[in-house]
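Following this line, the structures themselves.
Note that chain A is present in both complexes that follow, paired respectively with chain B and with chain C.
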Partner chain A sequence: MARGLIWALLVAALVSVGGLGPNVARYGITAAIYVLVGLSLNIVLGYTGQLSLGHQGLVGVGALFAAYLSKAHGLPFGVAMVVGGAAGAVLALLIGFVGLRIRGLYLALVTLVIGITLQGSLFEVPALTGGGAGESANRPAVLLSNGHFYFVCLAVCLVALYLDVRLTSSKVGRALAAIKADERVAAAYGVNVVGYKLLAFVLSGALAGVAGALFAFASQQFNGNDFSFGLALTFVLMTVVGGAGSRAGVVVGSVLFALLHSLLAQLGAFKDFARLFPRSVTPNVLQFGPDLIGAFLLLLTLALNPGGLAQQLTPLTRWMSGGSVRSASRRGIGTHEMEVLSAGG
Partner chain B sequence: MPVVEVEGLSLRFGGLQALSDVSLKVAEWEIVGLIGPNGAGKTTAFNCITGFYRPDAGRVLYRGSEITRLATHERVGLGIGRTFQNVGMVKTATALENLKAAQHVHAGYSAMAGILGAPDSLAAERTLTDRAEDILELLDLTDVRHAVVASLPYGRLKLLELGCALATDPDLLLLDEPSSGMGPEDAAELGDRLLALRREFGLTLLLIEHHVPLVAKVCDYVYVLNFGRLLAEGDPEAIQRQPEVVAAYLGGEVPRDLARSTDPGGAS
Partner chain C sequence: MSELVHPVVLASLGGAVGVPLVRGVVSGCVYGLVATGLVLIYKSNGIFNFAQAEFGSVAGFVSLAFLKGLGGFPRVPYPVAIVLGLVAGALVGLVTERLVIHPLFSAPRATLLVATAGTALFLISAQALILGVQVIHVFPPVAADTHFSAFGPVGGPHAYTFGWTEIDILVAVALLVALGAAFFRTRYGKAILAISQDSTAASIVGIDVNKMSALTWTIAGLLGGVAGVIYAPAKGALTPGYMTGIGEVGPLVFGFIAAVLGGMTSLPGAFVGGVLVGIIGSFAGAHIPTSVPGGEQIVVAGVLLVVLLVRPTGLLGKET
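Take a look at the complex of A and B:
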């Protein structure tokens, strides 16, 4: 009964975000896109145990192709979304081929370089991106209002969540978990380790590409500068702080970081805090505040809370999904991410 | 036709000749022991048979066809299952989840169907769960069904790992020190279990084992490895009487009196 009420309130809150004016809807859109990226990164990092520091490249490629093809070739919105997903999947496949041979910090390094290189090369091609001003990505008339566009983003999120649930409760999720735990064990269980690693990258890339397409249509333009390395770091932070490997944790972490970045700068208390610093430093504090808070949260997570927010949320999510609050935690999530981040896997 | 046949296997790691010209075969329904001192190359031989290592020379034949270059998961698909010396399971998952994961090859639906939640994949999942439950029951492990693997005591871990290997539905099962960490009583029980498994599932078994009474009890034939070479082979009784085998275990030259006085009972 109480459970149903909480669910109803949650649904009501999600729906009402679309009806509280363009500004609130705008935050909703950003949060939904971050959730998609979080779920995407979670497949690679949380389920399969491979650290990617180039996810902004996958999101960017999705945004670029969706914007370019809808502007230059008049592709309809829905098709542009699919193209964005396909572009992300293809790039992820290429990264995946590299990821088969290396792991841990070296894979992280390669993905980092790919992401940064894309930003400096493909994302700067004037013919594709409309030069420094950015390529425009116009929404169809019916989605011009942020409220309507928010519902599209929400719907995509729900589809992604459904697929994620199916993935983790099918042989695919078990195969990825085995690869993360020990590739020899996965092979002995009959898992095609190479194939499933590639699959994880491709699924992750497709999801990131779709998120990128939504990103382009949300800001109605593609601008290569939006996809800097800092964004990739934010994606990793929100996934790890939320609790890599945990769907609910990653969703909460992604929303938190999306709002942290878009809301903090407007928070009165934070502006007052920034004014405590010397006048010349105030703008820097305002600009880098969210990053500093993110880094601080990461330290807290690694030192005290390796399972991320999910570790604290477990009783709640268990109860919300119909289980008992008291049953013991079943998974030791997070420890592997710690190893990857601290020792290089 | 032997189930598995290894011909002239050689493998070198840097300066270490891990295997040199090792040949062995296991016939249908046989339980064959692979023994030898630490570092003799037993696990390396397992890794060549299961596809974790590619030998420098030699061939591995499974039911007459060459599998030397097949990937591990392809060999699992053919019916070659294995366990690991230090227990190989997904430690953060539960016993039931591991048993379902190990049925990967026989899941009966495609990865895409699983991600999309196709109806036949949901039905297949129930079959996988039922089969996992059957294995838990068979091995008296139903009480740890939902226990996280990392929380289990060593003896039960080894047993559960055997269950996971069975879940891959093998014809040929390679067990790497199945009795390690067990006392004499548990090891004797394990012996009965292996014999029962052979009877019920028609399994062919190749096992690396140090526990001599267990080898003597279950093995039809034994190969002895030492420094990567085949030192001796024969039935367990005969092997225990061979002075060079005793010397390999104790180290150094064969002491003359020991060679003469060693009898089947005394070697254990």
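Take a look at the complex of A and C:
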């Protein structure tokens, strides 16, 4: 009963975000896009145990192709989203091929370099990106209001979540978990390591590409500078702080990182806090204080729960999905479930 | 010599080869120092330290504050300001180890990597908060810039003028290499190397692993600091996080590439890798037309991929 009530409240909150004016809806859109990217990164990092520091490249490619094709070739909105997902999937497949030979932290580094190289090269090609001003990506008339567009993002998010649940409870999910635990043992049990690793990258890339397409349509333009290395770091931070491998943790972490900056900046207490500083520094505190606090919270979370927020959330999510709190608390996510990376493999 | 080669040929050769070479070596030294710090931490803790370059940014800004008497800091002579900056860099390294790395000692490496990235973000936002981004902070050159010219007369088409800034980088790096070589012959240096090979065995023979970890991070902070203060006058206008490069490719990324090229386990290899990355990038920058965006990055990334695919242990790395 209480469980049903909380679910109902959650659904009501998610729906009402779309009706509370364009600014609130804008936050909802950002949060939904971050959740998509978090789920995408979770497939490679959380389920398969491969760290990607170049996810901004996948998101950016999706955004670029969706924006370019809808502007230059008049592709309809829905098709542009599919194209964005396909672009992300193709790029991820290429990265996946590299990942077959290079492992662990080295792969992380390769993805980092691929991501920033894309930002510096492909995302700066004037013919594709419309020069310095950026390529515009106009939403169809129906979706011009942020409220309407939010519902599209929310729907995509829910579909992604459903697919994610299906993924982890299927043969593919079990194969990925086996690969994460030990590639050689998985291979010995007949798991097609190469195939499933590539599949994980492709699925992750497709999700990131769709998120990128939504990103472009949300800001109504593509700008290469948006996809910097800092964004890739944010993606990894939100996934790890949320708890890689835990769906609920990643969703909470993504929403937190998507909104932290804008919410803190609106908080009255924070404005009072900024006034404590010398007058010349106050604007800097208002502008960069949220980042500083975010980084501090991150370090604190890691120090207290190396398994991420998921460590705290596990009893709650189990209860929400029908289990009892007591049995849940004994089975919290341990750090061993996150131990995924060994250098040089 | 100049009798044998026609001056025009010499000059154009200088323009095509000499200028990028000198430029590449100079920036390569900065990348090499960042890479050396990265490898030192990788050897001792097995993690990629994303805060390595920020030790340098902190050192650069502290030096600048003392040089210009910003924010109530007393004005001090140039060498003193540099030393104070280096002390700040080393201190940040030590504090990072005590507050962030030490408590997470047994955490998974992905968590540690994220923790160092979080430290970097924390340091960058702290700089932005104190300095703001509207004011441009120019780091003055070491001495009133006397320009020397190579590959042709000053003002000529192929002249490459260089000042004290470049000479300073080369001298500092030479000094540091000598100091480093001497350090790893001392008891402390050997203890650090022993821990990097097998920390359990090292603690059995009586090495205080905990204390040495703090020392390693202090040295890494110092190395990052040197990179930061020698890069500062060469870069001129400093922005918060200038060593990491937010929104552009900074020394941190080139340092990582250099460390991997050098094999991730070899300190000299990392430095050589840095110089190589500097030279490759500089040649690519000089010879790829500007109509191709990011040509320099594409070439450097391509070299990294090829090296990793053909020889995953890097150029000077050992099989593990």
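Keep in mind that, in the parts below, the second predicted complex is superposed on the first by the 290 of 345 C-alpha atoms of A that agree within 3 Å, B and C clash if a C-alpha of one lies under 4 Å from a C-alpha of the other, contacts with A are read in each partner's own complex, and residues count from 1 in each chain.
To be clear about the criterion, a residue touches a chain if its C-beta (ideal position, glycine included) is under 8 Å from a C-beta of that chain, and two chains touch if they have at least 3 such contacts.
The shown structure was predicted, so the numbers you read here are calculated from the model rather than taken from an experiment.
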### Message
If we overlay the two complexes on their shared chain A, which of chain B and chain C does A:108 touch? Say first, second, both or neither.
### Response
second
### Task
May I ask you to decide whether A:178 touches chain B, chain C, both, or neither, giving the answer as first, second, both or neither?
first
### Comparing the two partners chain B and chain C, which touches a greater set of residues in chain A
C
### Task
Considering only the touch criterion stated at the top, classify A:116 as touching first (chain B), second (chain C), both, or neither.
second
### Task
Classify the contacts of A:90 with the two partner chains as first (chain B alone), second (chain C alone), both, or neither.
neither
### First (chain B), second (chain C), both or neither touched by A:228
second
### Query
For A:241, is the partner it touches chain B (first), chain C (second), both, or none of the two (neither)?
second
### Query
In the superposed arrangement, which partner chain does A:203 touch: chain B (first), chain C (second), both, or neither?
first
### Query
Looking at the overlay, what does A:167 touch: chain B (first), chain C (second), both, or neither?
first
### Query
So, does A:285 touch the first partner chain B, the second partner chain C, both, or neither?
second
### Query
In their shared complex, at which residues does chain A touch chain B?
162-163, 166-167, 169-172, 174-175, 177-178, 181-182, 184-185, 187-194, 196, 199, 203, 330-333
### Query
Which of the residues in chain B end up touching chain A in this complex?
50-52, 71-73, 76-77, 81-82, 84, 88-94, 97, 100-105, 107, 109, 111, 114-117, 121, 125, 128, 146, 148, 150, 164-165, 168
### Query
Along chain C, where are the residues that touch chain A in the complex?
42, 46-48, 50, 100, 103-104, 106-111, 113-115, 117-119, 121-122, 124-126, 128-133, 245-249, 253, 256-257, 260, 264, 292-295, 297-298, 300-301, 304-305, 308-309, 312, 320
### Summary
Listed in rising order, the residues of chain A that touch chain C in the complex are 45, 51, 98, 101-102, 105-106, 108-110, 112-114, 116-117, 119-121, 124-125, 225, 228-230, 233, 236-237, 240-241, 244, 281, 283-285, 287-289, 291-292, 294-296, 298-299, 302-303, 306, 335, 338-344
